[in-house]
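Here chain A shows up in two complexes: once beside chain B, once beside chain C.
Entry: the complex of A and B
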């Protein structure tokens, strides 16, 4: 039986999520034995045309050319997996969605006419059918390994939908919000990182995006009690997953108060 | 195809084994290069614009996201700039921890580039995975080196990509000495592996190319500069970081989504491992210096293909220096330093794996960013890369197109260009007419 083929694609991003694949130092060669890496330009010059059994897509849609390229990728892909905050919510560059894009271009570039860009940065699923989403800025490489392994044998990968709080309990980290009065987004943020920030004496900053049914208003009340000003909460929600629906809805309301 | 009677065009439409998206367009008529454009078409992400209105203590987390391969570089340069703005002084233990974290990034990034991205060019493979089919032990050594770098970033930074522990003024959490002590066996292995890497790559055959470079790097008389220093060149530049804008300028060219930097009135310059090595050879760890000298590698090294040797020497330096730093490390008292907010402008720089990374921020009295400027290494190298390609191409035009294409691509990879960073790479389109 032929090995399943894998393609890795990039849109607007920092390359960190696809680097996670190369960061699986102990597993990389075994993975490469089990699959046919057909297109992964960051790692290899070799390229085989589609169709591909699995496509990993990093990055968000931000240019007119992206709009057609993602359709072409979808058409060539069996399973399409969006990896990382950019691909699943639009990433930090989706802050442009709240601003005037022409001003953004003028701030950075001396000759705005040379720049082709869309007014928004959006998730892959806003444009094509996505079979699986892997959250995180960056993704957790072991979650990526779980996804690749699961797809190889045709089972559903096990990915948490609960919040970072569960991982703090698992890790034995005492609650930084209760014990130290540190503002933390953990209660509304999806698990998957291993609850790193609270273990390093700081609050979670939400890089994995919203957990399933997050109670943002309850968290906002907590932060009020801790004395955090509302503009600070709004900015916290408007960072790496600014365009995630639950964060966007709540931050829009708080910004208007 | 005879070289004197046709127009040839070379198109690399998607450059591989680089970080990000770029292309190269070349048109040649007979012996004359009509056009040569190194195009960066990576999508702009507008970091300098989206940083406006963010608070000073969010900047290190946000700028890390410019690059997944060198987040510590962005965190360090931005922290330096904001500390400069607010007048925050950082003590020796925090500096030591910052250097170790940053060396972790150098080992990770250089290990990746040397073994998986660059060595395959010299050995005739498509990539590291293909090389592993014939030389599994070599590639495993590279992966394990990379892993040691990543492990160091995990221990100090919390995770290897976008570390969470660094902050303005130092770190959120002090790292215990015993956690660093546990890294010693890995680092001792990495030191030996890096020395073996220098020996291995020294046996490669190197194309002839020795451009007349102006090298620019940070310089510190007491250490091989990484987290700060004065900006120096081999042609007389010797300035504090805040004078960057007096000597250098950025320009926007039509075929690139990256701004290109140049020395005012002079033009292109070269940043990165080769610049550091040539300007700071005396400050290298003695073991690193000896490993270079053993293979006749002493300044000035002008051949850009030999950056793979210099990166290997820098891995020796990183591992050996970390072992020294761990030996003298005592747990931090306060993990970070603070200062009152004020309306101010600050400047910061550090040596990313790919070279000098300059940041400038203006803050208002509430600590919100009102203006930001970020100049990554690949924007600074962009003109130099084009100049190298012209010089290389003019000497190899009688070779066949495939060989030319390969050498041009390899030449771009000498710089380990990070296109994600620069946009704010490579597709070769070579047309012979």
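Entry: the complex of A and C
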């Protein structure tokens, strides 16, 4: 049986997620053994044309050129996996969705006329059909490995959608919100990181975006009691997953209060 | 059963005797501001003079200079992680010339002795025993850990405001399921424990320590201390009433009010010492083509847990909270003959938004009566 071919694509992003693939040092040889890496500019200049069995897509759609390129990639890909907060919710650059892009362009660039950009930063799934999403800023490399392993044997990958709290309890980390009064986004954030921040006595920053059924209003009310000012709550919801519908809706409401 | 007096130095001997007998000794320790359960070598590892103050969604540690070694109530860690770990390998396969071989995963385990479990912990263990060992299908991993466990329970003289074991009939004094039970007494002039054995090997270990018998005055002090503790509990739950209230009200509009608060974060089920729901996850490896299955704690609060026929059965927040409370306090009786709650209060303290099951039951009762 021919090895499945894999292509890795980048849109507006920092490259951190695709580097997770290279970061799988111990497993990389086995990965390379099982799949044929056909297009992965970060790793190799070798390039083979499509179609590809699997495409990993990092980054968000922010330019008119992106709009056509993502369609081309979709057309050449059997399975399309969006990886990371940028590709799954629009990333931190989706902060522009709440502001005036023309003003940004004027302030930042010496020759604004050269800049061709969209007014928004959006997820890959807003433009084409996405078969699987890996949340996180950055993604967890073991989740990526799980996806590759699952695809190779044709099973469903195990990707949690419950809250970060479950990971805290699984690893025996005591709750920073209950024990220290530290504001934590964990109860409304999707698991996947392994509860890294609470393990270092920090509240969760929400890198993996909304969990399967996030009750943002209840957590917000509790943050009020912990003494977090509403503008700080709004900022906490507006980071890497600012454009995730549940975070966006709630933070917009709180900002208008 | 004759009771004996155990001095704090004898407690060090107890730890030594248990490790000589091959046990890994676990006890309460203070870790990142929380009393938890971990390996101990001597009484120096115990959280001396510590109090834990709890309220719904909040936990505080206070230091005192009174030198009590067990002057707190319960931390988030019950016996559950020790007897029923949050994640474990169930089986693996290996590819051989003869084909695929399946092997159940039997980890190398050192028998564990726990010093300082609470009466509610012992009661919760009995509840888990019923669920995991009581039916036709035995959880063999639990059975092994359970068989090897040596349990030293320390009765509670300082229950927290979240505790309600007295009303559940599970504390503040332990009645069964222990090897040794201790009650700590710190008087102006004396600091000692009154010890009692609950099993043959418990008695053996006590005999090995060569302790003086307790006199009737000391036994009376224990009785009074535990009575005061029971009377001091602020929270109560009537298990018989909860049984009927919950089973009669699956459609009560009251459940919808929980939507405003419950995060469906699953903390309550994770810290609950009796919750035993798990799921299994396949594991495959790239290199050697081996495969296997892992089991991990799951929760009635996760959507996937009720995923059947293409969608979750319990999609709404209220249906998930109702499932937890109704099973825990009502249908558990039908299934296992007891309440699923032992009154430890952990789910009240460690709920990030302080949802208190005793209050929820009370509100539901009031709504029905109104």
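Following the convention adopted for this analysis, the second predicted complex is superposed on the first by the 257 of 257 C-alpha atoms of A that agree within 3 Å, B and C clash if a C-alpha of one lies under 4 Å from a C-alpha of the other, contacts with A are read in each partner's own complex, and residues count from 1 in each chain.
In this section, contacts are C-beta pairs under 8 Å (C-beta built on N, C-alpha and C of every residue); 3 or more make two chains touch, one makes a residue touch a chain.
Just so it is clear, the structure is predicted and the values come from calculations on it, not from any experiment.
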Combined model on chain A where chain B meets chain C, clash or fit: fit
Just checking: does A:218 make contact with chain B only, chain C only, both, or neither of them? Give me first, second, both or neither. second
Counting touched residues of chain A, say whether chain B or chain C comes out ahead. B
Quick check for you: in the superposed arrangement, does A:201 touch first (chain B), second (chain C), both or neither? both
Between the C-alpha centres of chain B and chain C, what angle is opened at the C-alpha centre of chain A, expressed to the nearest 10°? 110
Tell me the contact category for A:93 with respect to chain B and chain C: first, second, both or neither. first
Touching A:45, do we find chain B (first), chain C (second), both, or neither? first
For the overlay built on chain A, what is the smallest gap between any CA atom of chain B and any CA atom of chain C, in Å? 11
Note: overlapping chain A surface for chain B and chain C spans 201
List the residues on chain C that touch chain A in their complex, please. 31-34, 36, 57-59, 75-77, 81, 86-87, 259-267, 270-271, 281-282, 284-287, 291, 296-297, 299, 301-304, 317, 349-350, 352-354
Spell out the residues on chain B that touch chain A in their complex, using ranges where they run on. 14-21, 42-50, 52, 54-55, 58, 61-62, 65-69, 71, 112, 116-117, 120, 126-130, 132, 136, 139-140, 143-144, 146-147, 150, 158-162, 164-165, 167, 172-173, 250-254, 257, 259, 335, 409, 418, 420, 424
Touching residues of chain A toward chain C in the complex: what are they? 27, 30-31, 33-34, 145, 148-150, 152-153, 155, 158, 161-163, 165-166, 169-172, 174-175, 177-181, 184, 186-188, 201, 212-215, 217-219, 221-222
Spell out the residues on chain A that touch chain B in their complex, using ranges where they run on. 10-20, 22-23, 25-26, 28-29, 32, 37, 41-47, 59, 62-63, 66, 91-93, 95-96, 99, 103-105, 107-111, 114-115, 117, 121, 137-138, 193, 196-197, 199-202, 205, 207, 232, 235, 239-240
